Amino acid sequence: MAGFLQQVVEGLGAGAIYASMALALVLIYQFTGIVNFAQGELAMFSTYIAWQCVAAGLPFWAALALTLVVSFAGGMLVERLIIRPVEGAPELTIVIVTVGLFIFVNAAAGWIWTFLIKDFPNPFPQGALQLGGISVGFSTVGVLGVVALVMVLLYLLFQHTRIGLGMRAVATNPSSARLVGIRVGWTLALGWGLAATVGAVSGVLIAPLLFLEPNMMGGVLIYAFAAATLGGFDSPAGAVVGGVIVGVAETLAGAYVGFIGSDLKIGVPLMIILGVLLLRPQGLFGRAVVERA
Amino acid sequence: MRVSAIGCTALLLLAVAACGGRDSGGTGTTASGQCQGQQTTGITDKSIKLGGIYPLSGPASAYGDIPKGIKAYFDYVNAEKGGIGGRKVEFVVRDDGYQPPKAVEEARRLVEQEQVFALFQTLGTPSTTATWDYTNQRKVPQLFVATGASKWGTDTTHPWTIGWQPNYISEARVYAQYLKTEQPEAKVAVLYQNDDFGKDLFGGFKRAIEGTRVTIVAEQSYEVTDPSIDPQMRNLAESKADVFLNITTPKFGSQALAADAKNTGWNPLHIINNVSASITVLKPVGFENVQGIVSSSYYKDPNDPTWQNDAEMVLYKQKMQQYAPGADPNIPYHTFGWAVANSFHKAMEAAKCPTREGLRDSVRNLQNVPIDMLLPGVTMNTAQGDGFPIESMQLMTFKGERWELFGEVIDTRKEFGPLTG
Amino acid sequence: MTGRADANPATRDAAPATAAAATGEAGATSVRLFGWDAARWRWVAAAALLAAALYAPFQLIPFHVFQLTMVLVYAVALLGLNLLVGHAGQISLGHGAFFAVGAYAAAILMERWDTPYPLTLPIAAAVAFVLGLVLGVPAMRLRGLYLALVTLAIAIFLVPLLKRFEEVTGGSMGLTLAKPAPPAWSGLAEDQWIYFLVLAVAVAAFLLAGSLLRSRVGRALHAVRDNEIAAEVMGVRLSFYKTLAFAWSAMFAGAAGCVYTWVIGFVSPDSFTVNLSITLLAGLVVGGLGTMAGPVLGALFVMFVPGISQEINDAAPGVIFGLLIIAVMYVAPTGLAGLAGRLIRKIPRKE
């Protein structure tokens, strides 16, 4: 039993990572209706900025604050410079632009910082909490805590500020929002900035565990997709819950289902995506879209 | 719309066809005199043209650093030594993104369009496998391929292709040999990358421990697309094995080392394979966490203070700075490139004829050729029926901030007999 | 010059691909030069293209013949993807999986049962078709983003699956096969023979796709793409046609994979990563959705642009490749085929 619980705890740790990435994906999808393939790479790039700041001698928390500000600005800039020119083009065109961005950012990071792995300072202390035979790493607790904090902040932003209200209006109905005087263009840029900031947080959380290198986020992305699908692509809270479930399910399946083993465990997100979409396409927390023909 | 697009393509194709000329790719030049009839494409009295194929883009781009070390070496030799035997070396590097079809395309480009003398290094088992039929049909040397698969040496139908680094099976034998003497009853847990590299090394290890009391009690694989190998490490830890064999590439090597260090309840003897034994892999984990781990090596690590005053290492670092100013000489891939380029230099000098046939025969007849960047006691040796230039390695253990070599250089040929398919 | 102004990224009225295809059609019919109408021009152009394609391998060095062969292989794969994405309006990020299935089917047939290579083509295509049908039934209940995610997951899962069943697939080492040898009577070199084989497959595939689209099925697909609900009201059996489109598209991918095996002579799981699927989709969108020229232009892009990127930036070719994808999407939001169409309409002409 202790072994089982231990696996669940480890799954929670992995799940928190997927959740933070899924959160960033969902933020952009909410406002623009597109899936940003470059989300993970942008997060990786932000993490390198943080690494560079630390390497230059800044204390960790100052480096983090600086990185979040730079990422926010960078996210808005990406929307203004790269996405804006194809706004109004077919959806698939925009998706392919993000694929181009993925390839560009990945190669650029390798060019600037090489493909050698870098060690990234862990903001959380080493060691683990011992709870009745189960050990919970401080990093696991820390990652879960930060993701929860980000959730709360986003909730406050959306529900209790004017900007958040405007963003929700744009997400629900862009043309009506425009009519009531909301600057839709800037709101979309704001959405990208916000997503980039959340992505940066997730990158900084992940880097000490996976080690920083340009391909760090590539493997995480599919799990984040599964998490977002499970939770509902238009629900930030759903993304977080989805991420945690995916992490636990994957860990348990890899450990206890003999046939799956560690090599086929990537099949777990596939089954989750497929199952959810067939049974409840809007995800656990998503709204069912009623279309007007 | 269709009209124009189809029309444009047709015009383009015709234009390309018109300026082509099929014959130009088919024929090469041949030598006269003593080496009569042998191919001299890509080589003159003043120059040699070589081509290499590496992943400069895509997920395996880390290996794209190897050609930088090679280029620095050739630039140095061209500028300060007058080239190899008076021939200036031109090294053309092409990107295959680690995709076999792209590797085939680039091999053809190098041989037919660039008219290279030889393919000097193709990287990766899949890319090399996809191209070696072609190079052997065209009778183009494909030298010192950057993969440790054992088939480059055991195969007899591809005489133009040869490896360089110790093959993965030889490396596995070194570890098996060590366990047999040090821990004859060892229970081993294995983590391996689920591809040709991991399977080859793991398979070699399994064969090498046959008939001994060393047993494998747990094995876990991972895919290069996995974000983390933590789950695999937990499953391995449950086996309570007393030896952990870590068959990984650098990023996963670091992750496995960190996971082992974090798990205080399981303290096996940690053996890490050479691919991940670089200081650049250990340092991010923290030196205090990797004390006492064991690996094996055959070339000098530029980060290892042991070689601080080594003549070749000093020369290497100085020339890297001079000829590859942007590149960090501490990246072991650069060192690898330098060593393999030096090996080419020696093999080319030893060739009886400056022809493709001459080079092919030369690399298959290397006798105790010393390469200064290799560990003392490790030399290149090949013969008819032995297509593995380097088959010796030395064990080392990590102490303080450096690897310490221990024991003798192990020549796996002597210990296990020649490797056969 | 006017054409360039129109192609400016600032153009906001870029119509969706579907509409552009329709207007492209209309625009083409109004082209009249030398008193020939568009239909005749199209035949002339197609004949010229075929003539050039037949002549090229006798002029080009084997390396270029190989490149053209690979363009044809990708074109067949993109043709299938175009049926699904361009004509039925469904997004697939797993097309590489069916490509891999075709390639592996051919490789296993040749390796394990010594099947003569011409026989592998219909079998590989059939296997991919059936698999497309089986996966298409659940997948086609989904739309847009969700279908994209499911197909993406399939593409990712295929790689470890191929490694798992080692006895059949050769595991991570892959399978190495002999390439088709030219028969003595032809007097052709190996590269030329393989080129003509692939060219024949490609021509057949394009003719098949063309007739498919002109048939009842094609009209039903267009109706589904343009307005699902209206189509359903008019009596189009939605799920049936969508599943059929998925299966057809899988079949073309399987055929492309089979000829890929002939050309390369080596298959391994890591040759068919998810990158292949994404590259194929990007190639198609860059080439142009919903047109016959799109797959060809897309195949040219997939084949040649990575090489060009390396010429521009040796240190990091990906930087240039990524930028080029973005740049093409700016200049031609509806793909290169759409761009060509727009340019041609700018040429002043007598009516």
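Labels A, B and C are assigned to the chains in the order they are written; within every chain, residues are numbered from 1.
Everything below uses one rule, namely that a contact is a pair of C-beta atoms (placed from the backbone, for glycine too) under 8 Å apart; a residue touches a chain by one contact, two chains touch by 3 or more.
Molecules present, by chain and UniProt name: A, C = Branched-chain amino acid ABC transporter permease; B = ABC transporter substrate-binding protein.
This one's a predicted model, so the numbers in the text were calculated from it and none came from an experiment.
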From the centre of subunit A, which chain's CA centre is farthest? B
Does A-B or B-C have the larger number of C-beta pairs in contact? B-C
Just the number, please: Cα centre separation of subunit A and subunit C in whole Å. 32
At what distance in angstrom does the C-alpha mean of subunit C lie from that of subunit B? 36
Of all residues in subunit A, the ones touching two or more other chains: 103, 107, 110, 222, 263, 266
Note: subunit B residues in touch with at least two other chains are 57, 59, 61, 194, 223, 225
Going by residue number, subunit C touches two or more other chains at 156, 160, 163, 315-318, 321
List the residues on subunit A that touch subunit B in their complex, please. 3, 6-7, 10, 13-14, 17, 103, 107, 110, 114-119, 126, 137, 209-211, 213-216, 218-220, 222-223, 250-251, 254-255, 261-263, 265-266
List of subunit C residues in touch with subunit A within their complex: 9-10, 12-14, 16-17, 85, 91, 138, 141-142, 144-146, 148-150, 152-154, 156-157, 160-161, 163-164, 227, 229-230, 278, 281-282, 285-286, 289, 315-319, 321-326, 329-330, 333-334
In the complex, go through subunit C and note every residue touching subunit B. 24-25, 27-28, 31, 38, 41-42, 45-46, 48-49, 51-53, 55-56, 58-64, 66-68, 70, 156, 159-160, 163, 171-174, 176, 179, 260, 263-266, 268, 270-271, 273-275, 288, 291-293, 296-297, 300, 306-307, 309-310, 314-318, 321, 336-338, 340-341, 343-344
In the complex, subunit B residues that touch subunit C: 1-11, 13-14, 16-18, 20-22, 24-26, 56-59, 61, 93-95, 97-102, 104-105, 108-109, 111-113, 125-126, 129-130, 133, 194-196, 198-199, 223, 225
Spell out the residues on subunit A that touch subunit C in their complex, using ranges where they run on. 29, 35, 37, 82, 85-93, 95-97, 99-108, 110-111, 222, 225-226, 229, 233, 263-264, 266-267, 269-270, 273-274, 277-278, 281, 291, 293
